[in-house]
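Encoded as structure tokens, here's the structure I'll be asking about.
Order of writing sets the chain letters: A, B and C. Residues in each chain are counted from 1.
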Amino acid sequence: MKRLYLLLASALLVLVLLPLVLDKYLLGIFVMIFFYAYLGQSWNLLTGYSGHISLGHALYVGIGAYTSTYLAMNHNISPWIGMWVGAVLAMLVGLAIGFLGFRFGLRGVYFVILTISFAEISRLVVSHIPALGGFAGIFLDFKPSFWNFQFRGNVAYYYLSLGFMVASVGVARLLELSRAGRFMVAVREDEDAAEALGVNAFKYSMLGIALSAFMTALGGTFYANYIFYINPNSVLGMGLSIELILRPIIGGMGTALGPVLGSFLLTPLSEISRAYFARGGLEGLHLILYGILAILVVLFMREGMLVYLRRALRSLLRLES
Amino acid sequence: MKYELPLQLVVQGILLGGVYGLIAVGLSLIFGVMGVINFAHGPMMVLGMYIAYGILVLLGLDPYVSLLLVAAALFLLGYLVQATVVNRILDFPEAMQVLPLVATGLIIENAVLLGFGPDPRSPRTALALATIHLGPVMIDVSRLMAFGLAVLITGVVFLFLRHSDVGKSIRAAADNRMGALLVGIRVDRVNNFSFGVGAATTGAAGALLLPLMATSPHLGHDFTMTAFVVVILGGLGSLPGALVGGLILGVAESVSTLLVPATMKQVVSFGLLVAIMLFRPQGLFGGKA
Amino acid sequence: MMLLQVEKLEKHFGGLCAVAELSFFLEEAQILGLIGPNGAGKTTVFHCLTGFLPIDKGEVKFKGRSIKGLRPHQICRMGMARTFQIVRPFLNVSVLDNVMVGAMLREKSLAAARRLAHSTLEFVGLEGLSQERAGSLPLALRKRLELARALATRPEVLLLDEVMGGLNPTDVDEMVRLLREIHQKGVSILLIEHVMRGLMALAQRVVVINYGRKIAEGVPGEVVRDPQVVEAYLGREFLDAAG
């Protein structure tokens, strides 16, 4: 175990020092790596640990993005405050969805469809609200300052997103070791058996969705103030929902490092192929590659790459899980 | 006259609903036999639309004529998808079944995007503008054709499942996989065939829809959701339910335009979906909840 | 004192009556067997007693308190634990972590829970496998794991559903030994069992049900000779043939 921590600490040190040598473009890729790792981890808390599959997680990203943006542009409230408002809002929405799903016994595919439905309903409704920009969305004013959560260049965003990612790994790890986390995993493995052992499945499922929604929304605020443009499709759409689940699934659901690994694998692939192919008019090719990769991983590395990597490394370095 | 507009909407809803039913029949069949939810169903329909479009543009064949070709093409695709991917994931936990099909949908959608570009296409077909009048109601001929053919194809699928040998094997495999294996049914081939049929019906629906709406590569996921609503409304695994559900949704969506803007139509379908899942998850005809 | 009182329990599934007017009770420190042919409704009774199925009619009191409408986790908390006919281990989790889920009900601190889990595993003889993934265990050991998990919740009443099913005679004897020890520690046991060897060795009293109704009750020796019971299990012809 100690060796693993040593490895991670050195990797972290490298990441902290990278902005000294990388240019803005490459830093930007890392920002995306960290950002999607963070989003994927937030999703992982619900689906990987609690076992309730959500394909509508973009909903929470959107709530975070729109809330902080609206508050900043109309009421001059700093996104540093707005993001917590968005997170609480997202948490309440998540609890509502969880309540409907868990109280009414919607499991498996039905729950998936429930999450998709709410995300889609929100996307359509927001598209019709002029105050939120409607279909066209909102362009954020670029007023760089710490208080506005906006910065010149990519260095600040790099450290912010790195911080988000590391924090999310910490949260996942703490959850894994905690009572609540163990109960969540038990519910995931076999809800009835867990109940028979005194575990309040409803309570721990709700905890999972609340935490997940809360964290995901924080990411939404980051996105809005990094990309400077949000619209219903980009922050509430199915595309984002799918995008953000790919990394944890490929990296390994239900593990603290899975989403990070997945993001380090997929995001550079996506950014580079997006830039390379889009220039040649081959837009969308990177998504085809994603799709193929996802299928291959599910078929042949079902538990995600992390587990396979771990097994391979175990023999090399004699690491213990 | 006050009843004319609602009546018009109801009729239009029924006609479109027939096509929804056809799309849903495929999804229901796939679920009934394999127990798998085809998240790529909408993109497959869109692929059908584009194939019909391609044939129209290159060969001048009307979609109603090229229907069989489109269905055959999608049948092959469905067969392939089942044989290479889905057959391997049948025993996986649900989370892991969702992803490969979502990924397949992603691949199809983006393949279409690559091939045809992102702009919507709205081709002129022979019957595109023809209308007939039935009393106070004005009916687009292309809509009527779509409805008629959709119902016809659905009927053919029913009869096939009920009376043909292959159909019986399919129903056996759907009912009891182990039992079917034990009596010598090649279940994996049956699965391939079933997915092929499911894909073919949705592809055919695509061909039928081509004269009615502009195609775009990203339509797929909306139609997957539409199919979901219909299937859950009618009852997962019930084919009559799929058709009836389609009609109901078609009418509901159409009539809702009296109250909400057309772009909000889907909120109605999603709302309906959530309501059904909460209060009657087995749908109208479904046995298993 | 009557720990568990079942009074005129009824459970319907649509038109099918699965359990009808079933009454029995379980005393403190008693081992009661619940037997009957396949499909008699025994597991349904368990589901009703532990909150997995709602009770249609009748009353079930645990320690004097009605458990009608309570959820399974609340009933477990009250002191009634159960195992499942088809074992349900948390497959992707280690043996120790499986038992810890049960242990954490009573022990709030993780360290104490871990100690309880370890001692429970030692008791059932699975201590050496504590780090193994539950999914890698064979059936006989999974049954023991299931028992350990339920034991870790420190129950006063243990409901065991065919816990000896599928075990070879050696494992059956081992299970009997374990259950006797558990009983000696003051736990009452309600046992659904088909393995007669185990049942006869353990049960102090037996309730026999068929088609959801009680057809006999008493000491095991008497009950197995009761003509109604023989008929239920082996059919009319056997009864006639046996004279």
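Miscellaneous remarks
In this text, contacts are C-beta pairs under 8 Å (C-beta built on N, C-alpha and C of every residue); 3 or more make two chains touch, one makes a residue touch a chain.
In this text the structure is predicted, and so the values were computed from the model without any measurement.
Contact topology of the protein chains: linear, an open path with no closing contact.
Relative to the centroid of all protein Cα atoms, the closest per-chain Cα centroid is that of A. Across the two interfaces under comparison, A-C and A-B, the one joined by more C-beta contacts turns out to be A-B.
One finds 48 Å separating the Cα centroids of subunit B and subunit C.
Mean C-alpha position of subunit A lies 43 Å from that of subunit C. Centres computed as Cα averages put subunit A at a distance of 32 Å from subunit B.
Across the assembly, subunit A contributes no residue that touches 2 or more other chains. Only residues 37, 85, 88-89, 92, 94-96, 98-100, 102-104, 106-107, 109-111, 113-114, 118, 217, 221, 225, 228, 232, 261, 263-264, 266-267, 270-271, 273-274, 277-278, 281 of subunit B touch subunit A when the two sit together in their complex. Residue ranges on subunit A touching subunit C, taken from their complex, read 177, 179, 182-183, 185-186, 189-190, 192-201, 254. Across the interface of their complex, subunit B is touched by residues 47, 51, 53, 55, 100, 104, 106, 108-110, 112-114, 116-118, 120-121, 124-125, 127-128, 238, 242, 245, 249, 253, 282-285, 287-288, 290-292, 294-295, 298-299, 302 of subunit A.
By the touch criterion given at the top, residues 50-52, 71-73, 76-77, 81-82, 84, 88-93, 97, 100-102, 104-105, 108, 110, 149-150, 152-153 of subunit C touch subunit A in their complex.
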